[in-house]
Each structure stands twice: as C-alpha cells, then as structure tokens.
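Structures for review follow.
Both complexes below contain chain A, partnered by chain B and then by chain C.
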Partner chain A sequence: MASEGSSFPEPVPGAPRKLCFVTVGATAPFNSLIRAVLERPFLQALSSYGYTDLLLQYGRGGDNALKEAEAVDVDQDSLYHGEGIRIAGFAFREDGLSYEMKTTSGRGFGGFEAQGLIISHAGMLPLASSPTRAMLTSVDIGSGSILEGLRLGVPMIVVPNPQLLDNHQEDLAEELAGQGYVVHADVQAKDFEDNVRQAEEMRQRTRSWPPVNSGEAAPAGISEIIDEELGFRNLD
Partner chain B sequence: MSFLTSHPILFPAFLTLLFAVPIFFLRLIWLLPPRVLEDPPPQQPLRKLGTPTHLLIVLGSGGHTAEMLAMLRNLDTAHVTRRSYIVSSGDDFSARKAVDFEQTLEERAATQDGKSSNVGPAAYSIHVVPRARRIYQPLYTAPFTSAQCFAGCLRVLLAGRKQERPDLIVTNGPATAVIVVFAALVLKFAGLAGRGKMRTVYVESFARVKRLSLSGRILVWVVDRFLVQWETLRKQLGAKAEYRGVLV
Partner chain C sequence: MLNLLSVLQKERFSPRFYVAAATDNMSLQKVRTLENSLADETGVKVEETAQFMQIYRSREVGQSYLTSVWTTLIATAHALWIMFKIRPQVILCNGPGTCFPLCAIAFFFKVVGIRWSSIFYVESIARVRRLSLSGLLLYKLQIADQFFVQWPQLQRQYPRAHYVGCLM
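Let's turn to the complex of A and B:
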C-alpha cells in the first residue's frame, strides 16, 4: 500500500517475490542501519517497487531494533511484517552469506523470481583491532559482501558504518558509486527511500563486473604475475 | 682519538664498525627493490615446464584469506607444483579455506584428463605460526608475540632442503604477512634463502581505493612486486606500485 501523494509506482498484483537483503557485517553492530530500513517510508518505498520480502543480517543486538520498530507488526505465527513486506532476520551465519546474496539474484533461489536489492555495510575485512573468534568464522568475511554483490550484478546500496570511522570504507563506497556500480548511502542522511529509487534506476543499466577497462573478461587473479615471477613466459 | 686508545679493545671495535656498517647497508640496498619499479617488471630467468616450483601463500583472517584465494583461482598446478600456506594459530577459518581451495584444484585437475598432477595432500602443506598479536592482547607484549611469530615463519621458510624452499611468497594485508616478508629478507641477507628464491609479491586489498593499509605502507619499501587494485591508488604511489586491474 502506497501512501497518499507518494511518487512511487503502485504495486503490481501477483508479481513475483522480490527480496531486499540487508547485511551489517560481523565486526561491529550497525543498529542505526537496521532501524533506518524498518522505518515506515522505507518499507512503503520497497512495497511500491514490488518488493515482497526484507531479510536482515542484523548482527549483535539487531534483533531489538526489529522488535521495537514501530512500523513492524507480528502476526499470530510470530512472523514479522510491515507495510505489506514480510520481514525476517538473523544475527550471523557461520558459513557465510553466499546463499542469502544469491536469493537477491532473481534466479529462483529461495523462490525469489525477481531480481532484488542488497543493502550492505562497506566493510570488506574484519578490523584488525577487535574481531573475536566467533566473528572470524562468520558472515561477510566469506568473501566480502560488496564483491559478491558486484559479481552477482544485483543493484546494491553501500552504507559505511559511521561508528567505525575507517575512512577507507568511505573511499570504496565513493569510488564504486562514482563508477556507477553501487549507490552510496549515508545512514545519517535518512534518505533511504531515494536510495532505493536510485538503485531501481541502476537495475536498468547494471554494469558488468569487473570493469571492462581492466582488460579482462573476468579477473585473471595473480596467476599471470606468479608466472612472470617464476620465469614461465610464452616465447612466441 | 685519545678516547680510542684509552682501552685496547676500542680501536679494533671502531675499525670493525667502520667496515661492517657500510657493508650491512650495501647488502640491504642490493637486496631491496629499487624505489622506482621498472615498467615492465624485470624478467626472471626462464624456467622449463616441469621443474618443481614452490609457492608460499600467506593467509590472514577472514577477508584477507577470501581475497587471496579469489586471486589464486586460476592457479596453474603445472607451473606451481607445490604450495605452502601460512595461517595464524587459532585461525581455523583460513586453514579450512585452504583445504577447500586445494580440493577445487584437485577436482579441476581431474576434469583435465589427468594432465596436471601436482595436486592432492602431497602437493601442499598448511603451516600454523603463532599469532603476531592476539585479540585484546596488551600492546606492550606485542614485540614478544611478534618475535614468536617471526621464529615460526623462519622455521617454515627453512623447512626442507635448500632447493625446496619457496621460490615465491605471495601476501596481502594481514600482520603475519609483514613478518613473513621480513623473515625472508633476513634469510636473503644472510645468504640462507637459496639462489633466486623467496621473491615477494604483495597485493593491496580491493577495499583500499585511496590509501594503503598499514601492512601496505610498510611493505611497499621491501617487496619485489607491489600491486594495487585501483588506478587512483597507483597514481598516488607513482612508480612504486603496479596496477593490473581488479585481481579479486
């Protein structure tokens, strides 16, 4: 259901299931992001773009944000929903988020036939200062959610965690957004509805990863450099 | 000069220092890569296919390990006949990922009608070294644990016969990488590494767009090849770094 005066399109009845997956990573809580994606205008925006499901990897303490969210109700089967969107969440996954990422691809994983959206924190690596054992064996560090999202070609909103104050995350989000790969969002700016609109526009012109100017159809990795260093080269 | 003659040991000591210090630095300058890297990089002596080669891969915690194994996914086991992985104690994640990676190499070799052997448990080993700095460890004890890590790395580098020592060491960001590279440098300095062995390659993380990581800032002066994955970063570093596109 769209609110009055909304500039968002009306939902299509009987449309395929479409998922928005939010991941905050394992290194630090990011409850401000979880709260932001549970606000009514954001859920309405999702609904108007045909999303049916919202899945949260909310990290430590993120379940409270879900329980306390004003726009979210619990039905008799204790399932969460708000503004017509089904909402589910979990803290961490021991063996990485590959499956959850794939469910946004629209290739039928988990019954989702429409390509969805990934909202990801900007951290790729656990911070050297504070990872615990449990974190090292869990979630995003499976391969870096941003990279995985880029490879899937699913629209992505990247949200640096302001509490981590690690500037290189901001750099990465900015650069990828500048090249048209992701939408760079600011959790404090509170304009996630607009970010979703940008991400939907991005879907029309998703650029393939890796960048074409790198000269490779797929990243060649470092086997070429290893060959050079070991003294294997083509002599023709 | 009267100070030097005040004790019989002082003058010989002075002479020794006079020669030892420049020799030390000359040796170091000889070993370290030039401040400005050659473009294209200098060619290594040609190697015949089939000669045994040994690659040492330094794995770090989660993200570093994942990036490293992603970069190695096209590894040709006909060229790299033996692999060693260094993991920090307690990092079961990386050790498990290394085994998984070797299994995919094995499966790939099996589909290539047995053309490439050099796979399976005999072709690789995983070495655990003490962690350089444990989580929540007080900073003042870090030199001691780093020394333990250093000793562990030396042991791995010196394992086996001289001709079996690593030909090439590839690393990305973890703290262990810095220690492994310095351990290799010490061995090269002492002439214990073996001829043309223990060359070093560092790849900065994909997550580093404009600034180097701490490991990168240290190792840019020391490694033989220094790669970054963003043109922006390469421009900043000038000729110290190479850019070959995204590698992960």
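Let's turn to the complex of A and C:
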C-alpha cells in the first residue's frame, strides 16, 4: 500500500490542479495502455507528483478498461477516482484534441494551473471524427498528438501500440526520446509507473521544438531550394 | 503542411489548389482556416487565391494489396481529371498515398511533352529511418524534381534527397 519504502515525494496539500492526459488515438484500440495507467502503482505515482486529474481519450471499447480497473472507484455522482486522482474519459473528439492538450500546458486552460503530462500512442494520425473509414486516413498535416505535445513543450510519454505491426512509429519514438524530447515507454513493462518520474525529470529540461541541430549537417532551406528550382530570383 | 506553407513565399504561388484525400475531413478544414485568415490580411477574396478539392485514395491503411489495384486505377482516373482541371505549374506534396497518382500523371505529361509541372515531395516527419511507399516510388523512379526529408538519417540513405529539418 501507499508510500512505505517508496521513493516518491509526498503530494502538497492545496496545490494547483494538474492534469495527466492519455490519448490512444483513432487507429486501433489500445486498451492495454488504459489498463496500464489505471494500475494502482501508476495512480500512486501520479498522486505523489501532485497530479489531481487523469483524463483518458480511450478510443473504441476503452470504457470497459476504465470500468473494470481494480484501483478505480465510482462515487455517488457516478464520477471515477482512484488513489486521490479524479478520473474521466471519452472515446473520441470529432474535431481533434487541441483543447485537451492545452489543459496540460500549465496556462490555465480548463482550470489547470500546473503544467501536466501527455501520454500518447506513438502514431502520427490526427484524431478522426469517427472510427470508420475516416480513421484509416493517413494525413500528414502535422496534427498528431505527438507534434502538438512537442509544440506545447509539455512533458510527454510516447507508447507504441504493440498491436500495430508497421512500426515506423517506433523509429520516431526512439529518435525523439534519444534527443530528449519524450519518454519512450513500453506498455508491457512491469514498472510502467517509473515513466512518470522520468517525465517529471524531463520537465526541468524541456527542449524547444523544432530541434536546432548542432554537430549535424545543417538543414537546408526548403523555400530557397524550391525558388531555385523554379528559377525565381531574389527580387529584394 | 501548415508549417511548410508558412515558410513558403505565398505571393509567388497563386492560385493555390489544395487536394486532400476524400476520407480526410480535417486537413482541408485546417487549410481553409489558414487561407481565410490570409485572405483577411491581404484583403483579397479567398476564392481568388485558394481552392479546395478531394481525391480518392489509391489505398487505405491496412487495405489488401489485391483490392488496391482496383482502387488505385480509380484514384488514377480521378487524378487525371483533377490534373486537367487545375493544370498546375508547381506540385507540392507531403504524402503519403494521396499524392502518388497526381505526381505520376504530372511526370507522364512531362515525358510526353503535354505540360511541365515542377514536382516537390516532402516525406512525412514520421519517417525517420525508412521512406513511405509513395516516397520510395517517387525517389527511385526519379519522379520528383526535388525530394525533401525531415530527418538526417534518411538523407544519408537517399543522397539525392535534401534534408530540410523538422517542418511540422
């Protein structure tokens, strides 16, 4: 139980509201991630780092994982909570998750003053309106949750879905983790809650996005290359 | 694509035709918002500088390759119609999938001398070590005039590509 022998700090009473937002995307169910964040040690870890709320975008069928979680109770108002954390969830949002992302940014959206945490599936697809053909669309307008999180500068844990076979997503998660932008987590790991500690440590040293490459060959300017190809000359 | 658009000098590229996959609802919405605010800024009517259309996809994620043959043919026919309608001088695409029939047709037009379009392809930011299928085809068949990647590892593997950093 609780914090005997635990290395987690004690939560501060009366502290500002702090949100952990979990998104599984629209491509495929990812109930194993929902179950992992509803485990007792994980909720305890969140609580000890001052998190007050846990919001789940759990995808199709994900509400079962929420209802069946052992560490989660339902109160008389039908609200979920576990280990002192208020828990809420939804399957999808028609027009994307920008607002939910912003509630973790520490700018006061939704009443959350403290900067929180984003736990995201490793895909790049935007959240489609419904889990039918639209969800299978591959669109690269850069609106996937990983990019939004990077732009907001919020600590992020990226979790590849082992059920999705083509894992070029893993490449991206590894690359971003290697550069110190995200925590790359394995949903099947036994000490999954340790990712919270890693994300908290990352908060101290958030890097700006996009990366400024040093030591690597400098990136070329795409606009200049296009202009040159088209024969535009600089008229200034 | 929105960040990519922001680094381009848009006055040089007008009118702009945006083509998105038929099942994708969000991209055109977002681009419309961008173009509307641009039109507001410059005081021009948005219909004069930007138009939006949708194209059938050759293949959906997870679709069997067998049925993909038929849907690719349909997508190609649709792409042909779109190419005749727009007659672009510049094609800028940011894959994957949707753009391949359009680029292939533009390339074919070039080869037979019907029309000249410059073709620019930006590989997805999600591609760190391996190209997408569209990217691979456009690179290997040398269909794109300039090929851009967002991660240096890919530039090392595909030396004719330009590494332009993370644009998204």
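As a working rule, the second predicted complex is superposed on the first by the 196 of 236 C-alpha atoms of A that agree within 3 Å, B and C clash if a C-alpha of one lies under 4 Å from a C-alpha of the other, contacts with A are read in each partner's own complex, and residues count from 1 in each chain.
One rule holds for everything that comes next: contacts are C-beta pairs under 8 Å (C-beta built on N, C-alpha and C of every residue); 3 or more make two chains touch, one makes a residue touch a chain.
Since we're looking at a predicted model, the values are computed, not measured.
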Return first, second, both or neither, reflecting whether A:D73 touches chain B, chain C, both chains, or no partner chain. neither
On the A-aligned overlay, A:E113 touches which partner chain: chain B = first, chain C = second, or both, or neither? neither
Partner chain(s) touched by A:Q169 [first = chain B, second = chain C, both, neither]: both
Applying the touch criterion given at the start, work out whether A:L147 contacts chain B, chain C, both or neither, answering first, second, both or neither. both
Per the definitions at the top, what is the overlap between the chain A residues touching chain B and those touching chain C? 124, 126, 128, 133, 136-137, 140-144, 147, 168-169, 171-172, 174-175, 209-211, 213, 216, 219-223, 225-227, 229-230, 232
Residues on chain A engaged by chain C in the complex (per definition of touch): 27, 95-96, 124, 126, 128-129, 133-134, 136-144, 147, 168-169, 171-172, 174-175, 209-211, 213, 216-217, 219-223, 225-227, 229-230, 232
Touch list for chain B against partner chain A, complex: 41, 43-47, 49, 53, 55, 61-67, 70-76, 79-80, 90-93, 135-136, 167-168, 170, 173, 175, 199, 201, 203, 205-211, 213-214, 224-225, 227, 230, 232, 244-248
Please name which positions on chain C make contact with chain A in the complex. 1-4, 7-9, 12, 20-21, 23-27, 30-31, 57, 60-63, 90, 92, 94-97, 118, 120, 122, 124-130, 145-146, 148, 151-153, 155, 162-168
Which positions of chain A touch chain B when the two form their complex? 123-126, 128, 130-133, 135-137, 140-144, 147, 167-169, 171-172, 174-175, 209-211, 213-216, 219-233, 235
